[in-house]
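Common to both upcoming complexes is chain A, partnered first by chain B, then by chain C.
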Partner chain A sequence: MSDFLYFFTFQDSSIAFVVIGITLLGIGSAYVGTYSFLDKKALLGDAISHAVLPGICLGFMLAGEKNPIYIVTGAFLSGALATFLTSWLKSNTRLSDDAIIASILSIFFGFGVVLLTVIQKSGNPEMAGLNQFIFGNAIAILEEDLYIYGGLAILIIITLTAFRKEFSMLVFNADFGKSIGYPMGAIRLVFNVLMILAVVIGIQAIGVVLMAALLIAPGAAARFWTDKLGKLLLIAGAFSAVSGILGTYVSFVIPQMPTGPWVVVFLSLFAFASFLFAPKKGVLSRFIARRYYLKKTHQDHLLKLIYHGLESGKNSFAIEEIYESFPYRKRQTKHTIDELLKTNLLTLNQGLIDFTSKGKSEAKRIVRLHRLWELYLNEYMNIAPDHVHDSAEKLEHILTPELEALLENRLNYPKLDPHQEAIPRDNDEL
Partner chain B sequence: MIINVDSPVLEIHDLTVSYDQSPVLWNVDLSLPAGKLIGILGPNGAGKSTLIKAIMGLIPITGGYVKLFDRELNDVRSRISYVPQRESVDWNFPASVLDVVMMGTYGKLGLFRRPGKKEKKIAMDCLEKVGMQAFVDRQISELSGGQQQRVFIARALAQEADLYLMDEPFAGVDMATETAIFQLLQEMTAAGKTVIVVHHDIHSAMNYFDWIIMLNLHLVASGPKAQVVTEELLRKTYGGKLNLLTKVTDIIRQKDFNPLKS
Partner chain C sequence: MSFDQNAFLIIITASIISISCGLLGVFMMLRKMSMTGDAISHAVLPGIVIGFFVSGSQRGLEVIIGAGILGILATLIIDWLKNKAKVQLDASIGITFTLLFAIGIILINMLAYKVDLDQECVLYGEIAYLPIDLWITKAGFSMGPRITYLAVLNLVLVSGFIFLLYKELTLTSFDENFGLVIGLPAGAINLALMSMVSYTTVSSFEAVGAILVVALLVVPPATAFLWTKKLTSLIKLTCALGIFIAIAGYYMAYLVDSSIAGMMVAVAGVIFLGSAFVKSIKPNWIFGTSSSIKPLEN
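Moving on to the complex of A and B:
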């Protein structure tokens, strides 16, 4: 608890710096990552983040110490080389995208690990910090590093905001952009530079292995919540910043704990929660919608059952008779009858079930849709009368009033369906 | 039969286009008059879309040149509007109908500057012209095929151009949309604009267009409908594959280089 207070009250100015840094980094990389996720180039981010490792090592070897300028420059150049090679291979060979990206990722990363081993063998006392670039350690960030990483993050955020309309055009319809004379090649180049920079600023805090998660996961999680670009960027930034801060906190509390994996754990929680609980697109809300639909279907079928009884001269139903019509579903049927009584579609009088007037017109509506659809299939699609029932049984629940009007119009307000049964209208007497 | 005109809106001179190795358009030579509704006809893979993309500079040209209003493309971009194929974009992109139509104003707006009230007003007017004003705040992922096409046409109108190049604007749209779009295009040509449309359905083409271009890897015909729609030219365009030409293309594809490129 005291750790918690110590961390989150920012008594220690170095913690305040780290939190500011990780927040900027999180927002910047989520911002770039959301665009590349929308552009369906998520894997490129993964390749770039692995590909910066040799650059980091070379920067270290040249400087002979952990100098942030050498390391950032080295990382940037090696990320840029990987990006350039990716597009060069694409236009000059017949290799597919996934093969190119997988090769670039593993070749660069393998080379980086070789260099790292060489440095470790050299016995340079400064190398202790270099392993952190694999999985990241936010707490070890020094104030002077932060000016560089934070400054670059702000640069990314400002550029993306200033060029929002151009980058949206790049992702949505680059050909149109070119046709109105926008320099789409240059815009793509700027975007790639921003993407490499986003990776570069994350290597100290998150590490090269997991940086791709910080690029892509926020946008992917936020996509469940909204269809608007502005909101999408805000939500993605928030997910990313909060995960970053929580991950940093864990690596602060537990000594020797790398930051990157914990940030990814928290990001995954956000992504998983979005996948489960987001309204409309989440699994839970789709499950509920389906349950609601099945319930409504059963109600419709029950109303139809009573209506068919009326048609054959049966004026009321005992509850038991209704149960028997839906074998093995007594509990569900009881529940449905309760619902229909509550919504005032049916009445129960001394164990006998009957329509209210509202219930009768609802039943007529369902039967009407069923029979109109049967007739439509038969007349317009030449489907035999004995093949039309199943389709109508399913579609009667979802045909809208507009479609009903259209069907009535097309079929010229028909009296009978293909089985010579009456199509009921609201004022018809039975 | 290729009919040429004086002071054309669009002049194509000896245009050859290749994708990677294989030539898809051979030595196209034509000129088009202003204020006409012009259809580009031809079978699948005849190079119809390629012709439009080459005119717009979206794909590199192997040989020849294109002149618009007797100028280079870059000098007259603001007078030209391009409508790409509907399937060429990802309609799941998080944008509203208004966002997309507003893109039509970006050309005049230029880089950096954000669209404001004036641009929004233009976009709204254009949406009204295609009967989509009620959908202004709708997300584009929720639109039907016909509605998506109307949005694209509205975006083109927002460019306030003089020459329109449309790639399959009637593909996969309902009857009502087809008629509505066609009427709109007629109004545009009546107002002096030139509209060039890639079209696949030969029957409706006979009703729609004033001027017809027939294409099948090479230019078969270009001229007023009454003069070029003959059984012979239609057979040349649609009937029988150009066996010899296809074979030459195959040979070129197997080479390591494209001999047509200088």
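Moving on to the complex of A and C:
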């Protein structure tokens, strides 16, 4: 607990610096990552983040120490080379995207490992600092590093915000942008530069192997909460910043623990929670909505069945007869009848089912919608009467009262549908 | 250079590993699942650590079982995210493997004092120690390097798998729906392939490391793909490349004194990029594509 207070009250200025740093770079990578996620190029970030390793090693070899400027430059250059090679291979060979990305990723990483072992065997005492780049160590961010990494993160955030229109055009419809005269090539170049910069600063905290998570997970998780780009970026940034701070806290409490994996675990928790529980798009709410819809359609069909029976002059409906009309679905049918009895749409009297007045008007409404839609298709769409039933069978469940009024108006309150059956109104008698 | 028994053993083992990886990689590439292979090879890490912890040694069967389970689990999570949660495929892959890999690293750090397994060994492997890591029978008789036996067993299983299911694998790789129509269990074949990939990753990780296995899975088939259009020659070329990479990688690593596995990948990379350059559809020396045509002026 004292650790907790010590960490989150920022008594130690170096902790404040670390938290500011990780928040900035988390938000920066989440912003870039969200755009590349929308561009369906999420794994390019993975390739870039593996590909900066040789650059880091070369920068280290040239500087002879852990100099942030050499390392950032080296990382940037090798990231840029990887990005260029990826797009070159894509346009010049018949290899598929995933093969290209996986090849570039592993080749660059292989080079990086070679350089890393060379440095290891050279016995440079500064070597220990280099290992942080593999798994990240946010606690080791020093004040002077922070100015570089934080400054770059702010640069990324500002550029993406200022040119939001251009970048959203790039990811949503680049061809349109080109046709109205935007320099899409240059915009893509700037975007790739930003992406590489985001990776370069992100690896400080999270490491090359796991950097992909910081780019992909926030955007993917936020996508489940909103359809608006502005909100999407804000939510993604928030997920990423919170996970970054939590991850840093864990590696502060347990010193030998690298930051990266914990940041990824927290991010994935947010992501999986969003996938499961987000309203509307989450697995759970879609499951519930589907269940509700299936239940509703079965109720509607059952009411319609009884109504059709009444229309053809049948007066009593035994419950067993209704079961037989829906073969192999007895349990569901029983459940639906119970539900309808409970909501007071049907009555059950000595094994015979009958409408209540409320149930009758509900059944009329469904049949009316069905027949109105059939008529509409027939009159306005010129679809033959024997082809309109299937569509009406689906739409009868979802037509709203407003649409119903519109249809009635358009069709001039018709009496008969294309099959010469009466369209029932509320006060009609059967 | 005189005949060096250790060098010979290392090269043989490395060739065997890269052939097994390449054989599987061909089918992964044809199914456009190279990145799934990448994801699996990252995702087996927690399985390796848990198996290690349970069995107390890296020789245990538990390690292979643990990694196999995790590899299949990763495939299933990716499928679930894609089909049920409707996350786009690349993001599902990215999220799944980073999470599992992160859990693996955390487990290694938590159990660091209990198991003899450090993250560098898992990540990069070290094939140079192969000649001293001997399989010694209970009677104290040395049978030779243990990893070579693992690699041979792996190659036998992988080539057996591919030999037996060659027709099914080919068919489902090129046209999965047709396979389903004529009654092939495409899903099961896919899972079997993924399990083979996980098993190969585990049995090779000590030698080449969890990340470089990906390179052996992906790069030789991709290189061969640039040179041929026939499946059989694709497979043959991949195997030949695997052997060449092992030989060249060993001697290059010997020259600059660095990681053999890393150097193998570097050699593979040079060959890959060279082939892409030679076989590129249109050589393009200028950054970007052709200059835009100026609009007509009146």
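As a working rule, the second predicted complex is superposed on the first by the 302 of 430 C-alpha atoms of A that agree within 3 Å, B and C clash if a C-alpha of one lies under 4 Å from a C-alpha of the other, contacts with A are read in each partner's own complex, and residues count from 1 in each chain.
In this text, a contact is a pair of C-beta atoms (placed from the backbone, for glycine too) under 8 Å apart; a residue touches a chain by one contact, two chains touch by 3 or more.
A quick note: this is a predicted structure, and the numbers were derived from the prediction, not measured.
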| item | value |
| --- | --- |
| Which of chain B and chain C A:L229 touches, first, second, both or neither | first |
| Chain B versus chain C as contact partner of A:V113, first or second or both or neither | second |
| Which superposed partner A:A217 touches (first chain B, second chain C, both, neither) | second |
| Chain touching more of chain A, residue-wise (chain B, chain C) | C |
| Touched partner set for A:Y293, first chain B, second chain C, both or neither | neither |
| Which superposed partner A:K165 touches (first chain B, second chain C, both, neither) | first |
| Partner chain(s) touched by A:Y413 [first = chain B, second = chain C, both, neither] | neither |
| Touched partner set for A:F4, first chain B, second chain C, both or neither | neither |
| Residues of chain A at both interfaces, chain B in one complex, chain C in the other | 40 |
| Of chain A, residues touching chain C in the complex | 37, 40-43, 45-46, 50, 84-85, 88-89, 91-103, 105-118, 121, 134-135, 185, 209-210, 212-213, 215-217, 219-220, 256-258, 260-262, 264-265, 268, 271, 275-276, 281-283 |
| Chain A residues touching chain B - in the complex, by the definition given at the top | 38, 40, 162-166, 168-169, 171-173, 175-182, 223, 226-229, 232 |
| Footprint of chain A on chain B - complex, ascending | 53, 56-58, 74, 77-78, 80-82, 84, 88-90, 93-96, 99-100, 103, 106-107, 111-112, 114-115, 139, 141, 155, 159 |
| Residues on chain C engaged by chain A in the complex (per definition of touch) | 29, 32-35, 37-38, 42, 81, 84-88, 90-91, 93-95, 98-99, 101-103, 105-106, 109, 112, 119, 123-124, 209, 211-212, 214-215, 217-219, 221-222, 225-226, 253, 256-259, 261-266, 268-269, 272-273, 276, 279-284, 287-289 |
